[in-house]
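Chain IDs A, B, C, D and E follow the sequence of writing; residue 1 opens each chain.
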């Protein structure tokens, strides 16, 4: 069964349609890359899949549970990396991750493990507000994978990361992680390279949905016209 | 005379040294690109140049005025695009820009002009909190160039922008704008392409400072090791 | 649920400790407030109705301050979303926040009541203590539940400070009036009596009703 | 400077209208407090010292709610940095914020004073009005100046919600004393007289001194 | 350089304290009404006066800090206010003891001096929390100085306002020594001088200790690098930044 099945999904904010009639299906352990101009609805789609926003129409099944009714069953199996780090700025990286570890019932050792993995251990005892933007993003990556989620929802995950950090987080959130992934990207080249399936959104509507192998780079450039 | 002259600049936060002994000089209308791992001190350097942080040691001359004493003389000739948009989320794009236009004594027409230039006019009457991340970044670009500054300080300016938007803002903040620019970048290829001068920072220290033409891509990759 | 509430409380405590030791802050606050009352009213000691009015208005003020800040850290940094993503019972957030606000109020009272007795109150507190404790406990509970409910509502609607006090104040009026009425005979100069059962009952019922309402509604508040 | 202050005031107005963060909450708090005193005191009317005391304490608390929010929007969203980058006189920020807070206080009083007359006050306000207006104006000015200074101090700290009131309360005590003492003869049940010039003078001097202090010190709070 | 003169000052203080104590117990006459309890006067009043002057001094030093931006002025201002706070607590305690002894209450509202002292104390009690709540040392010292100046100006203003508010003025502050009988006045003046010396000595001790600690830290960091000395924990106390030193070495080495 597909890890992600979306059929006729619509979502609006007030009268603004952010997503309409989006349908797709994604097999487990594969990567869906979502392209689209600013405001196309990528973040909205991710938040719907993450159970943070209710779909207003359509059927959404995530990891076999249909949203929003069975949302409780998939939380904890999803890792979300959003535009905001979803962390407390007053707390240190370690305190933040320990908090999430308790919520997700994950062993404390795992916290040190992920801190190590994103190379932030040395700075893990400083409040996040004292860290540089890229360091905070690393901690956000650590938070997203802390509970070893089956499905990763990544909203421009490499923003603010330096090239070394991008390599560093590759085993955690890259294709090599073996997880099912939905990635929003603004980088046609890099995005296409890691995609199995490509979704192109424009003003909330699907304009491209195809296996990555069958997508020409020009088609993605076309999206932004 | 050089647009930017920095000699032995140091800046610390408490006991953490964020910059030490940085020296450089940049001619007008040229582009300095700053590379460095997360936490290297790029943002700190930009904030010092923007007169938002005082240098703790060293001599800093920006557009002929030495900081921090003559900071008042260069404010208004600098445009800063920081990690945060420096805008009020409750206000609309137009309201935000009009506010800055009044502060900078810029005509109101200019507001519509830059809104048009970043293609956000259609959404300029919505509070920023309702805009997508990339749209907010466009408004931040508009704010940075609103008063037609001579010196642009850009902290990862293309983060969250779609490829079309990057093209769109090119005449405003790109090399074509003819302004003196300091750009922090995590993209070795793209960054190097637009640079005239390259500064490589690591842990607050200069490890590379050379004309862009003389820099090998490998040297930049070396920075992140 | 227990674990989740524990984790949330721990986080609240950390954030609070990182910001300021609230107990000394609160004691200062209480003492200063009473000094202000002393000057404003131009009295060296108060009793009965006036005393209980002052006590409860001070409490109301502190409660509004507490309610205003209750969800600020969570809403600002997306900590809320972080919580919502976890596979835990969402009512845990309600329980944890009610307990946090309750702790805030209790700490305030632990310092404010003795300060009040020392600085302003005419009659001795000794006899009034049991009644006062019961009344304060009932009042605090109501304030905490209503405050949490309203703060959650406000934070979600993204207009927290509009809705926070605007909704909380009318809902808190019965508690404060009930509390003041129940307290005033305790603090009477002559013939202090116990707290009237009628008012305690009212407070208790009010708490109960809003507790149930909050429990029923809270999950909806956290959605979307 | 005029232009800058104008731009800042316009922005404040827009933000407040958009969010309704401060004024409604302040006003409602004041009205609620009067209701609470009305019921707590179990009296239909107060006068003299008690009346002026209740009025001033209520206004003070309500003002503190506004003071706490004064700079929050600027600090949170980097609006401060945006302002600091502009080639303008930084004192404009002080002036604009003082005027903003003053406007909040005036609106608050337009709501609170009639409510007070309606709910609590024994003697009629008609005769007291001119004196009351002068006293309130002097008091407001002081509260606005000190409130702005304190708000700017507190907002960049981690404990702003607690530190703001803690710093503001003692500094505002003299204003409450002056205001309450100046108002109480106005509200006396028998033989109301004018506000004592001595107290008005004290208030005026206090305003002046702190106005100068704020003007001298404010720039330091905006740096870095 | 901070330790210089510390010994002489300490000796002077000890001598003055001894003299004051001797005068209090063996020279000053027993007050008719209050008896032995009145002796606390020689402790209580000098404490109060020194504490208030210390607060104002803290404000003056803070002005200097704002003007020069040199960390040492902030350090001095901090130490002055810190010591004054301690003296103020002592004043409140001795005053309360005296009040209990002579009036039967721990606290009375009718004394404007007491009340205004309490308000000042409450204001200054937020000084340390304010500092502690600001992490960046520079901003911390700048904000603390703004506070110190404001509060320093508030001290006299508040006294005036509060005094005006109470019709009758019980303790006749400062001016009152003139109506004291001669031996009492002399004892009082000596006590006051001893208390002022004590204040100065304690301040100097604290300054020296802080300075020494900062130098040791700086040395250790220079010798062992970042790993040798962990970063300073957040604290309400100011830190003397090794700014000048690092600036010197930076310009010296060049680029």
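Odds and ends about this structure:
To be clear about the criterion, a residue touches a chain if its C-beta (ideal position, glycine included) is under 8 Å from a C-beta of that chain, and two chains touch if they have at least 3 such contacts.
These figures come from a predicted structure and were not determined experimentally.
Number of steps on the shortest path from subunit B to subunit D, with steps defined by chain touch: 1. Common neighbours of subunit A and subunit E under the contact rule above are B, C. Interface residue usage between subunit A and subunit B, two copies of one sequence, is largely shared: over half of the residue numbers at the contact are used by both copies. In this entry, subunit C maps onto subunit D through a rotation of 175 degrees when their C-alpha atoms are superposed, rounded to the nearest 5. When C-beta pairs in contact are tallied for every pair of chains, the largest tally goes to C-D.
Relative to the C-alpha centre of subunit A, the farthest chain centre belongs to E.
Taking each chain's centre as the average of its CA atoms, subunit C and subunit E sit 37 Å apart.
Between the Cα centres of subunit A and subunit C there is a gap of 39 Å. Inter-chain spacing, taken between the CA centroids of subunit A and subunit D, is 47 Å. Subunit A and subunit B have Cα centroids lying 28 Å from one another. Shared interface positions of subunit B, i.e. residues touching 2 or more other chains, are given as 13, 16, 54.
Those residues of subunit E in touch with two or more other chains are numbered 119, 122, 126, 129, 133, 135-136, 138, 165. For subunit D, residues that reach two or more other chains under the stated contact definition are 19, 158-159, 163, 166, 169-170, 173, 177, 181, 223-224. Residue ranges of subunit A in contact with subunit B, taken from their complex: 13, 16, 36-40, 43, 83, 123, 130-135, 137-138, 156, 159-165, 186, 188, 221, 224-225. Listing the residues of subunit E that touch subunit C in their complex gives 106-110, 115, 118-119, 122, 125-126, 129, 132-133, 165.
Interface of subunit E with subunit B (complex): residues 135-138, 221, 231-232, 239, 241, 243, 246-247, 250-251, 253-255.
Against subunit C, the residues of subunit D that register as touching in their complex are 19-22, 24-25, 28-29, 32-33, 35-37, 39-43, 49-50, 52-54, 56-58, 60-61, 64-65, 68-69, 76, 158-159, 161-163, 165-166, 169-170, 172-173, 176-177, 180-181, 184. By the touch rule above, subunit B contacts subunit E in their complex via residues 7-8, 10, 12-17, 20-21, 23, 54, 56-58, 206.
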